[in-house]
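Next come the structures, one after another.
The two complexes that follow have chain A in common; it is paired with chain B in the first and with chain C in the second.
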Partner chain A sequence: MSAIGSRDSLLQLTRSGRSRSARLREFVNRAFFTSCLLITSIAIIALTVLLTTVAVQGWDGLSLEFLTNFSSRNPEAAGIKAALWGSVWVCGVCGLVALPIGVGTAIYLEEFAGKNRLTSFVRTNISNLAGVPSIVYGIIGLTIFARMFGLPGIGTETEPGLTVGSTWYDSYYTADGGVAFRPLESRGAPAGAIVDGTPLLLVDEVDTSVVQPRQLPALVVADGDRGFSVALEEAAIPITIGTAEEARDRGATLAGFVRMTESGNPRVWDRTTAYLTDATLSGAVLDQATSVEGRWLSCEDLAGETLFVRVPDDRYRIESGDRAHRLRTVLPRITRTQLEATSTPERIEVMLGEGGRLVQGELWNEYRVQGRRPTRYALVEAKAAPAADPPPVGGWLPVYPRLRNEFLETGSRTVRASVVADDAPIDGLPPGAILASDAGAPLPDQRLERRSWYYFQFPFGKGVFAGGLTLMLVILPVVIIASVEALRAVPNSLRQASLAMGATRWQTVQKVTLPASIPMIMTGSILAMSRAIGEAAPILVLGVALFITRTPQNLMDQFTILPMQIYNWAQRPGESFQELAAAGIIVLLVVLLTFNAAAILIRQRLQSRLES
Partner chain B sequence: MSTTEPFENLQELTHHRGTPRRRGLLRIRERVIRLALLGCAVFSVVTTAAIIVVLANETLSFFATNTSDVRAGEVRVPLDSVDPRQAELLTGWNLEVPGSPGAALPSGSFLAIQDDRDRSILVPVSQLEDERTNTSGDDPRAALAGLLDRSGPDGELELTGWVEDGPRRPEVGFGEFITGTEWNPLLGEEKQFGIWPLITGTLLITAIAAVFALPIGLVTAIFLSEYAPMRVRNVVKPILEILAGVPTVVFGFFALTVLTPGLNWLGGVYNSLLEGTLAFDTYNAMAAGLAVGIMILPIVTSLAEDALRSVPKALRDGAFALGATRFDVSTRVVVPAALSGIMASFLLAITRAVGETMIVALAAGGLAQMAYDPTGPAQTMTAYMVQIFLGDAPATGVEYKSSYAVAAVLFLMTLVLTIAGNLILNRFREEYE
Partner chain C sequence: MSTTKGTSAGVTSDRPVPGSTPAGRSVLKVTLDPGPAEPEPTVEDPSPDPMADQPHETVITTKGFSSWYGKFQALHELDLEIPKKQVTALIGPSGCGKSTFLRWINRMNDTISGAYSRGEMVLAGEDITSSQCDVVDLRRRVGMVFQRPNPFPKSIFENIAYGARLHRRYDRSDLEELVEHSLRQAAIWDEVKDRLKDSALGLSGGQQQRLCIARAIAVGPEVLLMDEPCSALDPKSSAAIEELIRGLKQNYTIVIVTHNMQQAARISDRTSFFYEGRLIESGDTEQIFTTPAKKQTDDYISGRFG
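Let's turn to the complex of A and B:
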């Protein structure tokens, strides 16, 4: 309808004035005003009802614990710590990328660009981008940022082609069912023989709920005025068994050295003789080696070499499973009934197999029930209390290194591990050595990754960085549009004056237009950021895990955000989860209102000065 | 930062004539900055291009997914009976066992191998993965040949595959997708990919939202621009701003915990008065649509108010001078004059409603059907995408790819609406500027 049309209706009015009484028209006007009031109040009522419901439902759930606890399957203990920190990280990344690009685009469009087709195309494009549903941006983020189109040669999210700042460990089963870790140079490093002096660490199953200080078998090596010092396993590495390969190369036909098993399946060799040496297997040494007759389990280690593990005489059943499991079940299965009382210490042989080398030691074992899962403690032979009566040099003693918890990434999941604390190293265990993991089931032949705070990977995966970039796409048009409006509001006379004085365009922007428009830009940016804080759909599409109980540790780390956490709770049946959702909403709304208030404050403070 | 600053800076600039060398440096700096800013501006164009490329690419691969019926159970093919030259490479395939849908069969690339009984056996290429890296070639057939060479004439190595049973065919045809009225990709005997149930679900929710929000939003805008005294405006405007800032997941929660019980209560009153049988499901389109309506209400109001306010005051004064009441002025002069702006505000609000995700994911349920029943569940396009991306489907299957095709349809719908809205908006801006 054009302005002419409006004039036509003006003419009409004069006619209708005759046909309808002024009184009636006045009545209609009054009635419309009243209904306007009523209808307008619908929005107010909706907001009031919404806020009241949320407040009533969520008020009880609000507490300090709610802010400092992680999410939990138990509604009583659930909190939003992970979600809060996740939101902070993601919105931080989002803001750091979106604001410069957005303001830059606005400056280009308003101050630099000529009036040509390209400029108007960019403008149209931006206003169209603002209308794209945020879930579509989520798909773009997933395909580009998290996966980089799945292009060949650049790796995948879980096995990125490029990583910076991660340390890799190989995990092994040890002969007594524990897990040993060995640091590696890189993800692709071959699982090779252990280098002398590299700590190979023995880890047992630990209860998932509590990672407790582990008792480690330690050898007392010195006893002095200030107490005694211990070493781990140092003196207990006497025996090496040669590999089958080497034996075959020598052309020797020795009992106990059998040909390589093709499939890698362990086989049991009954009553075979193995040659035990204390050095690497050279011809001379092998001839002098002691032979031991017994029952052996042959298996392949990670380097593809055949190992022989002595099976204790009283074990005859060997269960099937993957090769690590067969090794494990050399030892008896522990049942709860057996464990009610502390069992009689049992002497078994423990071997750590690695790269064709067997390390044999003798440990006393004691089984205890801790939590739901039986946990094995390796105890020392000398049972005397360490402080009161230190055992003689050469005896065994439990030591309790100070531990801290760390999170380790496997290919598919995160496990919590106990790590020797920096300030409490003990001999043989450097700070940072991994002692225990709560992976639940041990990790057969897996590579573990420990990520430092500056860990970076490409493709980015479904981490904080990809999430932030995705949200950046969502708010970028908002930032641009707000900034363009802000720059437009600067009077043209200021610009012209600056240019007339010989300033370049950038100098004009830097010294004149940008300072004048910064309050409006800031207001727009803050409002855009509050949009980012409340946005859930794109992050949901990115496929972040719904249940996360840790804060992000680096830019590539898993995360959840507050709206996702709320969604997670709200979609569950059950009153208690609805209350949690409401409590989460209160926190979210408080954050958003703070942002809005800040925007309003800035607008009023800075803008009024400019106008005055 | 004070107001005087720009002026002081202006004065400062006059002292900055500088030497020719300095001016040269300035010029280079100017170019660099200009280039950087141009890069920023190009970024949004790149974003659009990326959206189109990603959606088009994945949608094409959705339609390029083929399927073949196989007999249940794996078969082993001795390697020595295989002629690698006759193996046919099939990429982007799904296998299905007739009568047992959803059986865990791999999807992806296969080699179709003829065995000695002339059956066609489909062998997943993944079995040859190790050999492929050895021969450093991308062709699985070369890998197969390499494997044959290494295993020797009396090799015991075997491949496992499925016996092909019936003709090969495309999994989803474009025609079926665009005209089909059954959407059932995850459950049931036969997967069906007809997009219309999702479109009607989206339209149902959008219609409920529009019927609720557009009149109310327009009347509120008229009230704010024509009637409201300054004091009322100062109260209502911030409230609308707060309402606009509420995250959509909150509206979803609101729909689930307040609107649905509220609707059921109203339904109960209606039933007892008129002996009807009105009952709303736990997840229903009505509550979700109303929540979406509340969400788009501030958008309609603020855009429509902008349009109304930009009508020149002279038109109003003219009407008043002719003795019109405020109602006459509003409905006969201002609204017609601002009609294009109001239409644009409607279109942009509807766009938001079409693309809204979290509310429908929470409150509308997940049943894709062409029922048009506001009391029952409905699934929108966005809600389907949420369902898929939350992990209801394996990331390689055709169901997963279908979400990209749905996203492409959604993108096209919203793009058309946005472009139309912006075109109208720009035209009406020019009219009065």
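Let's turn to the complex of A and C:
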């Protein structure tokens, strides 16, 4: 009875409410649909406008040269090669380290670890870590990977306690007065003795170029281990280093004080040209120096030691500012004078480094290497030739493609050097010797370090490896979470079936669980990798160099990455740099889309293989 | 592999070699009524076991066996003997502990955290509940078929070869032979022989379940545990499985959990009735279904509760 009664009241209840207006319901339904459509279109339109702007702005900057050139202060010549390869290297390290660790952790958590307080604590914290701002990981990366907590006894970033794959070179003078570097027995061996004191000139043109004519009218001459000579056209003019009293004894007049460059390195050409040209010199002294003729000039180096320099005539123009300016004005003038002054026929050999081509000027001393980058490596060498030979004026200069360009370390920074090829030795230099050097970099009393492709150091320093590990920290939680979810999605019945046949847990993971979850793991991991490619903050904190004109040569090498290069351009004034930034963004987007496409492809291929 | 244990020394010799039975002979000429039938097991059993009259050797013996999931006691003081090369059916309402008992026989309960047991469960002279017991080898000797067909997302061939390859290395030809024998014994060879390379997921539910049985026997077990193997299948597939089970008992000891009383009556030699974690009654199937000693058993099999 009661059952029937309740059924009746239920029937009544279902019909008791006021009926809704069908039109109102339809209207609300349509209104919601329309607003959803509107919101979606706004998002899509904003995205389209953004992408179009970037594309329009960056399109002109895109070219093959943009991809193959290095960054430059000249926007016309600037390219993204260093950043592109830097990103590839860093993300490669990041992926190779993060994926095994991440997937392994996920397998442990999901397949092996029991459910106790510790593992649930770990699980919770991995989720929390995924939300930590990436800049925090940058700080961790800097502390741990780059510096290894600065623990005593393990060395520092620049003076690592452990190195593998590095060779040290020591400088020496060759018989004909050049400077070369030869391998050291070991890193700590004493510097080689300076053999000779014949003329030497090291000048640079644009910031990355090297010109090293030997036995040309030289600006600087190394003369023993304490003195220097200034060599002008006809003869070497000695610079004598001594005390003030010695100078007075020789009848020198104290013209004033000249400071040395800010660089503490005892570089020959810096030392001598610096007080003539460098911006760090005090103007008053420079003025006096120009007026001094054949008198002693007192200068002071950074160590506070006073040097007395006898300056012959006013043939030196004192240039202020850029070194490039100096070369263009000083060098041609001197060499032209030289040509007029000497009647001896001479043979000029010009050697080129990679890239560029030599264009013969009207006069044999006018040379310029053309290319997109206006001037690159050129080494000018003058040798006394038999008198019967005609002067090479108007003829082609023989070009020696014998120099291989390499990146070498001085211990504190990287320089570009020309290395004499082993199979094409140059007179007076042993095979494998290192000849020329980069602007302002290693000179006779410095050592060079050549790092092979497997160079490794500990602590890692701010190189590719530390950068990759830092990015690994950023994406590791994401990879773990994605992998755990993927493993969780594998039906438990498959595990049970495998275990019930006597499989061990590892056999089950290896043969059943992992193959079934690999598509999802790959998808999650590749999406995490695309996040790593776009990350700038942790690398910024790591403090990598912003202006890099080479690709990484080994895992410890310095690098820059796409987002940082783009940021670097974007913050510079000038339309052309904005174009570069936009072009860089396009490259970054293309790389990202490629990764995502790869994720989709891999997932589909693996999935179809499993389900077919 | 089994030589590591002294206790199981006597077992190796009479372990059935997978695939040693001639092809197809295990399928018996049985006419089955898949619909509701009277519980007349003796009439329906068309192939009297040749060993039926002899006293059966016991494979598994439990004494005072209790088990817990955390604080919940799932089994209370079980004393049960499972005879060799016979079908033992475990019946009882849901949650009565029959599946738990089944999962203890090959220690699948190890995968459940908080599950533990007390008392003895002896398989061929060895206490399989002890921590010294090699679980991997135990599971090789005691295979299991689950409620829902769970083939791996691999090819049919790979499904069968999987278990065998876990324990031994095989030549390709041996492996192919083993796969064929296993599939023949599971009475599915004729249906799949032309598509061994196809995914096992493309088979029907009943075929998948027979594939799972083939997969289980490819490892060479002595005992097959079946946890409601037909509950996810249609009547026709169920009938095929039942027929298969009847054939398999020539070589294997089979313990089957079922909710289908007719099925228990049709295929089993012995039946044990579980209720609320206790073993109420155990005996020959004929006796349990015709003259149960306990009223609870009678009520359950006649459908008055459960």
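Heads up, the rule we're going with is that the second predicted complex is superposed on the first by the 338 of 612 C-alpha atoms of A that agree within 3 Å, B and C clash if a C-alpha of one lies under 4 Å from a C-alpha of the other, contacts with A are read in each partner's own complex, and residues count from 1 in each chain.
Methods note: contacts are C-beta pairs under 8 Å (C-beta built on N, C-alpha and C of every residue); 3 or more make two chains touch, one makes a residue touch a chain.
Bear in mind that the values here come from a model prediction, so they are computed numbers and not experimental data.
Asks: Which holds for A:A98: it touches chain B only (first), chain C only (second), both, or neither?
Replies: Neither partner.
Asks: Is A:S493 contacted by the first partner chain B, the second partner chain C, both or neither?
Replies: second
Asks: Considering only touches as defined above, state whether A:G534 meets chain B (first), chain C (second), both or neither.
Replies: In the superposition, A:G534 touches chain B alone.
Asks: Is A:G114 in contact with chain B, with chain C, with both, or with neither (first, second, both, neither)?
Replies: A:G114 contacts chain C only, not chain B.
Asks: Just checking: does A:Q507 make contact with chain B only, chain C only, both, or neither of them? Give me first, second, both or neither.
Replies: both
Asks: Which partner chains sit in contact with A:A516 here, chain B, chain C, both or neither? Use first/second/both/neither.
Replies: Once the two structures are laid over each other on A, A:A516 reaches both partners.
Asks: Quick one: is A:I475 in contact with chain B, with chain C, with both, or with neither? Answer first, second, both or neither.
Replies: After superposition on chain A, A:I475 lies in contact with neither partner.
Asks: Per the contact definition in the header, classify A:A581: touching chain B only (first), chain C only (second), both, or neither.
Replies: first
Asks: Quick check for you: in the superposed arrangement, does A:A146 touch first (chain B), second (chain C), both or neither?
Replies: After superposition on chain A, A:A146 lies in contact with neither partner.
Asks: Do any residues of chain A touch both chain B and chain C, and if so, which are they?
Replies: 494, 497-498, 501-504, 507, 511-512, 516, 610-612
Asks: Can you tell me which positions in chain C touch chain A when the two form their complex?
Replies: Going by the criterion above, the answer is residues 106, 108, 111, 113, 136-140, 143-144, 146, 148, 150-154, 162-163, 166-167, 198-199, 201, 212, 215-216, 219.
Asks: Quick check: in the complex, which residue numbers of chain B touch chain A?
Replies: Residues 1-3, 5-6, 9-10, 12-14, 16-17, 26-27, 29-30, 33-34, 36-45, 47-48, 50-51, 54-55, 58, 216, 219-220, 222-224, 227-228, 236, 239-243, 245-254, 256-258, 294, 297-298, 301, 311-312, 315, 318-319, 322-328, 330, 332-333, 336-337, 339-340, 348, 351-352, 354-358, 361-362, 382, 385-386, 389-391, 403-404, 407, 410-411, 414-415, 417-419, 421-422, 431.
Asks: Looking at the complex, which residues from chain A come into contact with chain B?
Replies: 1-3, 5-7, 9-10, 12-14, 16-17, 22, 25-26, 28-29, 32-33, 35-37, 39-40, 42-44, 46-47, 49-50, 53-54, 57, 100-102, 104-105, 107-109, 112-113, 121-122, 124-140, 142-144, 149, 473, 476-477, 480, 494, 497-498, 501-507, 511-513, 515-516, 518-519, 527, 530-531, 533-537, 540-543, 546, 563, 566-567, 570-571, 578, 581-582, 585, 588-589, 592-593, 596, 606, 609-612
Asks: What residues on chain A touch chain C, complex-wise?
Replies: 114-115, 491, 493-504, 507, 511-512, 516, 610-612
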